[in-house]
């Protein structure tokens, strides 16, 4: 139950961020080898910060299309570490804050982290933290400047900090000169190709074997089309929607075909869904 | 426990938002099959949020020309559900609020909804909530950012939320990257073609059978012209105006012809009235 | 005397707005048939709002060149109604108000109107209420948004509201998407042609019959020129100025000729005086 | 009653605005017939406002190059009237005021004027009141809007108001749509041609007759050049400077020649000094 | 010593501004005849304001490249006068002031000056007072407007005021329409040509006669190049730097040659150093 | 007296700024002769300010690509001086400050420095202090203006101040006209060429002699490529990362090759890493 879940995710000698727990409720599906690589890289960063002599600060940018799993993966890496301090800085807990209140809230998490010998801070959804909107464009320069400084500010002696940030707008970060502030970056892709697609279907145990064959046969051409990709978040939602239908298999096949048709016909280059690299 | 929580929020079968009630004073005329489809889709969303495992949050954008019935339909879907919490967030109750007061009012409705096991929030007239004006353009980025976060913020455990939002400016939402924040969207059309037109006339019981024949005969060419369309709100108003006239039939025929002449002669592409898709 | 004037304008069962009274001090000259039509239309709107079933809210935009009589006509329609609540929202009573104070003052008039079963609100000089200036352009978006909402906000049950708004900048309202918020609009023209011109001269009883003949003979070509038009406000002022002259007839003829010469030589399309339609 | 009201505002024959007095310290030199015309027109406006039936408000714009005498002439017209209330609204008494304080100060002068049966308000140096700067351009829209309303706001019953405004930036007022707010306008020119030039020299009694002949002979070509003009303010200053010199005649001739050379060689069209009409 | 220096600079019957004293610590080197002319002109202005009948206010703009000695010369003119009130308005004493505090500080100096029969106000470094930056461009319009008014505001009766302002950005002042507000202006040039150059070297007594010959021989071509010029401030600093070197003569020759090479190769027209007139 | 003043500020031999200490934790590697030159120049500036007669203020700009060692070198120069007052002004200690708080904090450090006979102020990371972002561009003009004034403000009598400022955005400083405010500037380069590269590797004692030979042989072509350069900060981090690897030598060689490939293929001219001069 919930209490158990909570206990499971909480590391032995540390206090997990309650907010973070909710991002790790569901298991990660390894629909692509890259998911393993990302989790592995995460473990390496965790290790390096813990043991290196000089790089007591390390920052990584997780970027990729909307719904590709960035927050889940960052949260998972944080929760799987044995660091005593793991916190998330998220726009969701700052709705209605003034710019100053936001900066203070962000700054507080970093300052708190400096008190722990080993800390991870997840800076989630940078474009939303920055209050970015493409019209103008507008954004909070105050929050940007605070992040630019905090991303490079050495923790005090004997303190070590790993920063995991997420964004689906890496291009904007580049325009702001923020991408240079990270020591490394990881691309979190959408689901592409039938192999990855199938792995998700299998892991949610929605279709029996026959149905799965039907689905795969029906969708093979669509899903293996080189322009097709789908966010894991969207695929999981479509599966749930199909489940409620009288004929889940058909409904699901139809929905995916519809999606593929819409995406490929739209040439809107600003739609992030199908882009592999920005 | 769950049942108790339910009881606290709503004693018997649900307390409807007073503000919402006024949008459902008059019955919906099903002038087009699409009206039925929309109401049906609404019922499906209501069902899915109630029963699905993972998609405890679902958001739908109702968009269409001014006066096409978006608010009425969203309100109707909310009122027809058996959810204990149904509230509308509307610019009409926020005249004279500061930006901050607006954000807080919006945020409060969402936070209240998180206390109910099942909630519907109608976010009405987004372009007005955002204080959008095409000159500049200008809008409240603070309100936009609050909405962008609230549209994607998962309710707490055991809480479920359906968001129904309305706009007659979908294009603007796209420019702001807000359309991507919705899980689905429904187009609410104007009245087009004589069949739909007639259905409205019949249902308001204004003309006797002979008069109706006259009206239809007279207006057939005008109304069946592929460029003609009229918002249900406007048509109902024109009917009322005609009623006061000494010769309602003639007055009504004249007014519609005048409208058709004006609209077709005007090539102003920013006039929303005749556009089917944006 | 003044007290009598006040009594005359005050309807039987209602309290007239003091501010409004000053706009109805002088009788309307019906220099053109359109003036009658406008007053008639006004009476119809007054009637319709009073008796219709569903359109308990109706809004009309009176637009036309500066000084053409927009405010006077709106005020007259309001004063001639038998509505118990007739109020004007005018920039003249808000000099030095902050944006917020203006919005609150406007909002208060509307909220007060909702307490009366039958109300008329005159929203005068919208471009000034909006603090519009063509350089930039700049204007108060806060006031615009408040008006956009108030123009479409249904009064509570059993309450009925007629809104009469005036502007000499309809083009600007279109750019702001505000013109769509009105249910109807009336164009208030300048004085054009000798017939209308003469009717004003006659009604102010300035010239005796012989003088009138001289004036008309002298100015015929000028006034009947299709490019000539003059605001009623300006014509009345020129008459007053001429009165003080030793030779009123000659002075008046000269002034009008001068005006005509200046206007026709100027090709400045932004000068509103001679424009019939925008 | 009327006479009592008059007495309350002004005991004997009127209390002149102290600030205004300083602008009328020196006599007006009638270097050009136009100066007489302007003072005459001023007297007519004063008369008309006092006696006309309907035009209880009249506003005039005095415009012309910097230093041409606009403020002096407006102040003179005001001081020469027998109005009990004559006040100047000037940026010089508002240095360091916030925008709001400025608007309130302006508004107060007008409101005070409404308490007097007959008032003159001099609105001096509008471009400075508006805090205009060509870069941007920037200006205070708040002050502009207050002025736009106050220029057209009818004084209460039995109150009469003449507004005299000055500017050396009529073009800017046109861009802002402010020029339309005036009922009349007067152009105040620079000194042009030897006749006017000589009249100033004579009236300040600087040179004896022989010297005057020398000066005139020497400067004839320069001053009668059709491109030459000089602000009366500048000419008076140059005379003072020459006076201190060992050889005033030569110094004065040199300075004027230098000025003429500089102005004619400069093709900077934004320099206001030599422009007769804008 | 310092106290003596203070006493020397303090006029007999007046209180010198402490801040101003520091700008007159070192004697002015008359490296060019123009320096004498400037000091002379300064004395004339001082005299004229003291004795003239009507021009009780006189304002002069000292402009020239950075470091050319503008502030020193303005301060020297002020200190050498026998005026009882001599004050400097400088950005150096306003670091961290809000715009309003700055305006108030500036206004206070002028208001204080109005209490003295004879006053000099040095308005130093106008572009910095205005917080000018070429990006945008941005500047404080509030401070600009205050200065524009104060530069033209007549002191009260029997009060006389000389304003000496400095800038190295005359072009900007022109764009803002501020240059017209001055009654006169003086150009403060850089050091150009060997004669001026040598005079500085001699007066600082750095090199003995032989060394001076070497320096002059070596640098003749460089310094007499028509494109070469150097700010007196920079030259004095280079001399000081050379002094510390083991071989001052060679070091100095090298540094000047280096400077000449850099400046002439750079075609950056925004670099102010070599410009004689703007 | 002077000696007492000295004692008050610093009892024994000087109290180093705690913040500054952290920037001098690690020894400077002299990977290039230029590093020695820079430290030498620093010593000369320290000497000159201490002993010169007139240049009691001297300011130097250290500029170069991100991570090239600017802050470390400025801090080292400051720490190696025997000045009693050495402080750093850094954005890191001002996160979340308002613009005004930042200006006050900066101003305070300078004002404190004026109390010490000999002071060094390190103004670190000017572009971050200015809150610069290329979009717009935007920055704090308030902070810019404060710095522009403080960089040129003479300390009081008997006080001497050396200012060391750092930036990786010299181009921006030029656009703002800030580069002219410095008396001198030093370029801090990246590591270029195998000689410099090798010196870093040797000094961190990571590889034994054989490994070093391998690394050098493998990377010779890459590192000696004229387009290759690497920030010392980045190189040190890559060495640390390689250390954690099972096969540090291979990992390091791979990482460097990867970096070289990425940089040379990218033609993004805004990436600062490979630029020698701006």
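Lettered A, B, C, D, E and F in written order, each chain numbered from 1.
Operating definition for what follows: a residue touches a chain if its C-beta (ideal position, glycine included) is under 8 Å from a C-beta of that chain, and two chains touch if they have at least 3 such contacts.
The structure presented is a predicted model; accordingly, all values stated were derived computationally and were not measured.
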item: For chain B and chain E, chains touching each; value: none
item: Path length in steps (a step moves to a chain that is touched) from chain A to chain F; value: 1
item: Same or different residue numbers at the chain D/chain E copy interface, by half rule; value: different
item: Label of the chain whose CA centroid is most distant from the centroid of chain E; value: B
item: Chain located farthest away, centre of chain C as origin (C-alpha); value: F
item: Mean-CA-position distance for chain F and chain E (Å); value: 34
item: Chain A and chain E, separation of their C-alpha mean positions in angstrom; value: 60
item: Chain F residues counted as touching two or more neighbouring chains; value: none
item: Pairwise touch network: line, ring, star, complete, or other; value: ring
item: Ring walk, chain B to chain C and onward; value: B, C, D, E, F, A
item: In the complex with chain C, residue positions of chain D that touch it; value: 44, 47-48, 51-55, 100, 103-104, 107, 110, 137, 139, 141-142, 144-146, 148-150, 153-154, 156-157, 175-177, 180, 183
item: For the chain C and chain D complex, residues of the former touching the latter; value: 2, 22, 26, 66, 91-92, 95-96, 98, 128, 131, 133-135, 138, 236-237, 240-241, 243-244, 270-272
